[in-house]
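Here come two complexes built around subunit A, the first alongside subunit B, the second alongside subunit C.
Our next item is the complex of A and B:
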């Protein structure tokens, strides 16, 4: 159990997908203009990461691995299957949410399709493969990674809401400033690097 | 209108003003990174050195070009409801080709780029161009559009990589230019003129890519004021 908590903490803070690896930057920059929408997208990312990570683990190990049901190394199909799983899961989640919770659907609605092309989702699955996690660790990594991404986008949205009223040079306004802020936040998060949660 | 259509049909493949605009627009007014803000993830992660950035830029140009052409050729056969999945499968197939080629012929780069090759799939430029352009235009124009966007992306990538590699490690494309040992062309230990020089380690780390791109955006918008964000 402690091992899983370590992975959660590590993926949420020390190896934050958004601020240490800069994954999912397109939607991170596009949707962080207000806190409300940022929260919606952040929640959707947690949701989809937590669902796709275990499924992709099962596919990678039992379908594509050498000890899987086909008995041969099919890992060259990894990209196609992973992205297909992500795309269909997003579609499925969208339909289920629409049916059972229209209010959640209305708040998440437009963000769900965006998530398919969020690199944090595919990147998370690929990191999971390269780090050789087992099933429980993959679930924990998915939840932690999603939570870290959620924190990052809500934080930058809050800063961007405030900075709207500051005297920023016109050419730097908006996008340029968002980049500088993310860089500074990334530097702050670098301070956490090298911490080993297992040691505490 | 009808006349131009006939002319176009008779001449077949041509390269006029409209075609040139398709190719050059993404280099400046509609640059994928500094204006459309697409494909940032890989731009940040692979720009620590020129070598990786070149491999990445070539890979993206290839994927962007062929994904655009294939999608455009199939655009009438793709049902609207499942178009995202179809597009992603086309892109994923091309990226798999790139991955296998790199694995076979450039294993060093393959190891260093690791997951970021796979992330070309979710590189928003490719997907964005498919949605915005290839689904509505003929293969030839889509090819130009894909090529233009790929190159526009690659140029920024190489600029960021050149700045980061030089100031971070004192190297350019792996050639050692300035640094504190005899292997470098300018040896700062012996040279009295450049004795003050010290490589900036921050430039090798991730956040510096953010700063470099922010400064590039700033410079680009100052030079081309119509791009300034008014909101």
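Our next item is the complex of A and C:
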């Protein structure tokens, strides 16, 4: 149990997907203009990460691994299968969001289907493989990584709402400022880097 | 009045030389109360002139400046094993402190104010006063031995990217002084942390290292010679038992008992210990905090909840007790490192802190918790308050957003039945009209 908590904390704060690996930047920069849509997208990312991670784990170990049902090393199929799983899960999320919150569906726009190619999701699955997590650890990693990404996008959205009233130099307005904010946020998050929860 | 008339006469023309006019305006409003008071700016909540507010903060720091400057000299002679009493060799300690302190102070202001003036002239604004406080804070949070060029780069980074890019004073999200420090902390870690940087005047702080004095010291040697006082002796070296470690560095490695072997509690309280220039003397910081609280510039909610957060986390660590650092009694965490300084001058910065009252409680408490967490858990960073404050600065707008949202929700909620029949019928009617629509 302690091990799972460690992985959660580590993936959420210390190795934050958005602010220390800079994954998932496209939607992170584009959908962070208001807190409301940022919360919606963040929740969608948590959901997709938490679902795809265990499914991809099953596929990776039982279908593609040498000890899987085919008995041979099929890991060269990893990328294609992972993306297929992610795409179908995103489709599911899209249908759910459209049914239950049409306003959020409209404000997320193209970025909801684009979660498919959100590098944070595929990156999470690939991290899971390279870190050799077991099933429970993969679930914990998915939830933690999603939560960290959610936190980052909601925080930057609140800051961007606040600096709407600031006299930002014209050349920096919009995306320029978002890049600057992301960098400074990464610096602020660096305070937690180097902590090893497993040591306690 | 004659002086004022003369000064008014030399006012440069705004159109012909905007830079000179900006410069003139900045110094004029600093020396005399201007006819106009600041109206805009997100952090202004009454009619007080922004420049006066800032001056109060700077005044509150002056005792830290005095003590910090003297302490640089004291630590220097402590390393040499000379003048062990705090007031012995007073003139030497003071002069050595000034020789280390003045370049830091002057270069911070040359770079920071230069950028500020340049941006003000470019924007056609009068000079914004924000750098008064940042510029006074930055020297206090630097170690005495900081290389000047690194300091200049960091100040330029903080002022341009941390403040001017956001539109200037009152609009920044992160504390400017802390951004300058964190920049050095990550880009040049060896010149701002470790055991070597807290004593000025040596190439390398190890036992046996020979002191190296420059032209300024020999100049003062001559002056002291005329006055019949003792001077700086070159060729001395650091005595054998000296490590240069701060109490915090010792505590993180060996626990509290090792700290008390080297420093007494009174010494840590009064501040004759190695550390960043302004952070060591606790009573003077508390006097500064009281000045800020009495003038209502700093928020007592943030200070109080930060103490609560730190004490809460400290008690948890005491109960957990897994490493020597965790077993340091929670109340001694206030004696080591920069907790009080961060609480009084950094966390309470009205621009970067949460601005709602509920938000301030959450903000302060979380700084206390996360700061101590970083201090105890993170093996790479000995001190956590700078990083905790920057971390919470990131989340301050979010905290405010949700506090405001909760307020709006509470106020727009339909009146509860307890309020009486009038309210209840009204809400029923409202619901009916809604369903018809």
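Going forward, the second predicted complex is superposed on the first by the 179 of 200 C-alpha atoms of A that agree within 3 Å, B and C clash if a C-alpha of one lies under 4 Å from a C-alpha of the other, contacts with A are read in each partner's own complex, and residues count from 1 in each chain.
Just so we're on the same page, contacts are C-beta pairs under 8 Å (C-beta built on N, C-alpha and C of every residue); 3 or more make two chains touch, one makes a residue touch a chain.
Remember, predicted model here, so these are calculated numbers, not experimental data.
A.B. asks: Report clash or fit for the pair subunit B and subunit C bound to subunit A in the combined superposed model.
C.D. replies: Pair status: fit.
A.B. asks: Report for A:190: first if it touches subunit B alone, second if subunit C alone, otherwise both or neither.
C.D. replies: both
A.B. asks: Subunit A residues in contact: does subunit B have more, or subunit C?
C.D. replies: If we count touched residues of subunit A for both partners, the winner is B.
A.B. asks: Looking at the overlay, what does A:21 touch: subunit B (first), subunit C (second), both, or neither?
C.D. replies: So A:21 only meets subunit B here.
A.B. asks: Touch check for A:180: first (subunit B), second (subunit C), both, or neither?
C.D. replies: Touch status of A:180: both partners.
A.B. asks: After lining up the shared chain so the two structures overlap, which partner does A:122 touch, if you call subunit B first and subunit C second: first, second, both or neither?
C.D. replies: Once the two structures are laid over each other on A, A:122 reaches subunit B alone.
A.B. asks: So, does A:43 touch the first partner subunit B, the second partner subunit C, both, or neither?
C.D. replies: It touches nothing on subunit B or subunit C.
A.B. asks: Output check: A:87 vs subunit B and subunit C. Expected answer is one of first, second, both, neither. What do you get?
C.D. replies: After superposing on A, A:87 lies in contact with subunit B but is clear of subunit C.
A.B. asks: Mind working out whether A:136 is in touch with subunit B, subunit C, both or neither, as first, second, both or neither?
C.D. replies: In the superposition, A:136 touches no partner, neither subunit B nor subunit C.
A.B. asks: Draw lines from the C-alpha centre of subunit A to the C-alpha centres of subunit B and subunit C: what angle do they form, to the nearest 10°?
C.D. replies: With subunit A as the vertex, the angle is 90 degrees.
A.B. asks: Is A:74 contacted by the first partner subunit B, the second partner subunit C, both or neither?
C.D. replies: In the superposition, A:74 contacts neither subunit B nor subunit C.
A.B. asks: Pick one for A:58: touches subunit B only (first), subunit C only (second), both, or neither.
C.D. replies: A:58 sits against neither subunit B nor subunit C.
A.B. asks: Just to confirm the geometry: in the superposition, how small does the C-alpha gap between subunit B and subunit C get, in angstrom?
C.D. replies: The answer is 5 Å, the least C-alpha separation in the overlay.
A.B. asks: Which positions of subunit A sit in both the subunit B and the subunit C interface?
C.D. replies: Overlap of subunit B and subunit C footprints on subunit A: residues 169, 172, 177, 180, 184, 187, 190.
A.B. asks: Residue numbers of subunit B touching subunit A in their complex, please.
C.D. replies: It comes out as residues 37-42, 44-45, 84-85, 88-89, 91-93, 95-96, 99-100, 114-115, 118-119, 121-124, 127, 205-211, 213-215, 217-218, 221-222, 225, 228-229, 231.
A.B. asks: Could you please specify the touching residues of subunit A with respect to subunit C in the complex?
C.D. replies: For subunit A paired with subunit C, touching residues are 35, 154-155, 158-159, 161-163, 165-169, 172, 177, 180-181, 184-185, 187-197, 200.
A.B. asks: Which positions of subunit C touch subunit A when the two form their complex?
C.D. replies: Counting only subunit C, the residues touching subunit A are 42, 161-162, 164-168, 171, 173-174, 179, 182-183, 186, 322-323, 370, 374, 377-381, 384, 386-388, 390-391, 393-395, 397-398, 400-401.
A.B. asks: Hey, which residues of subunit A end up touching subunit B in the complex?
C.D. replies: Subunit A residues touching subunit B: 20-26, 29-30, 76-80, 82-84, 87-88, 91, 113, 116-119, 121-123, 126-127, 130, 169-177, 179-180, 182-184, 186-187, 190.
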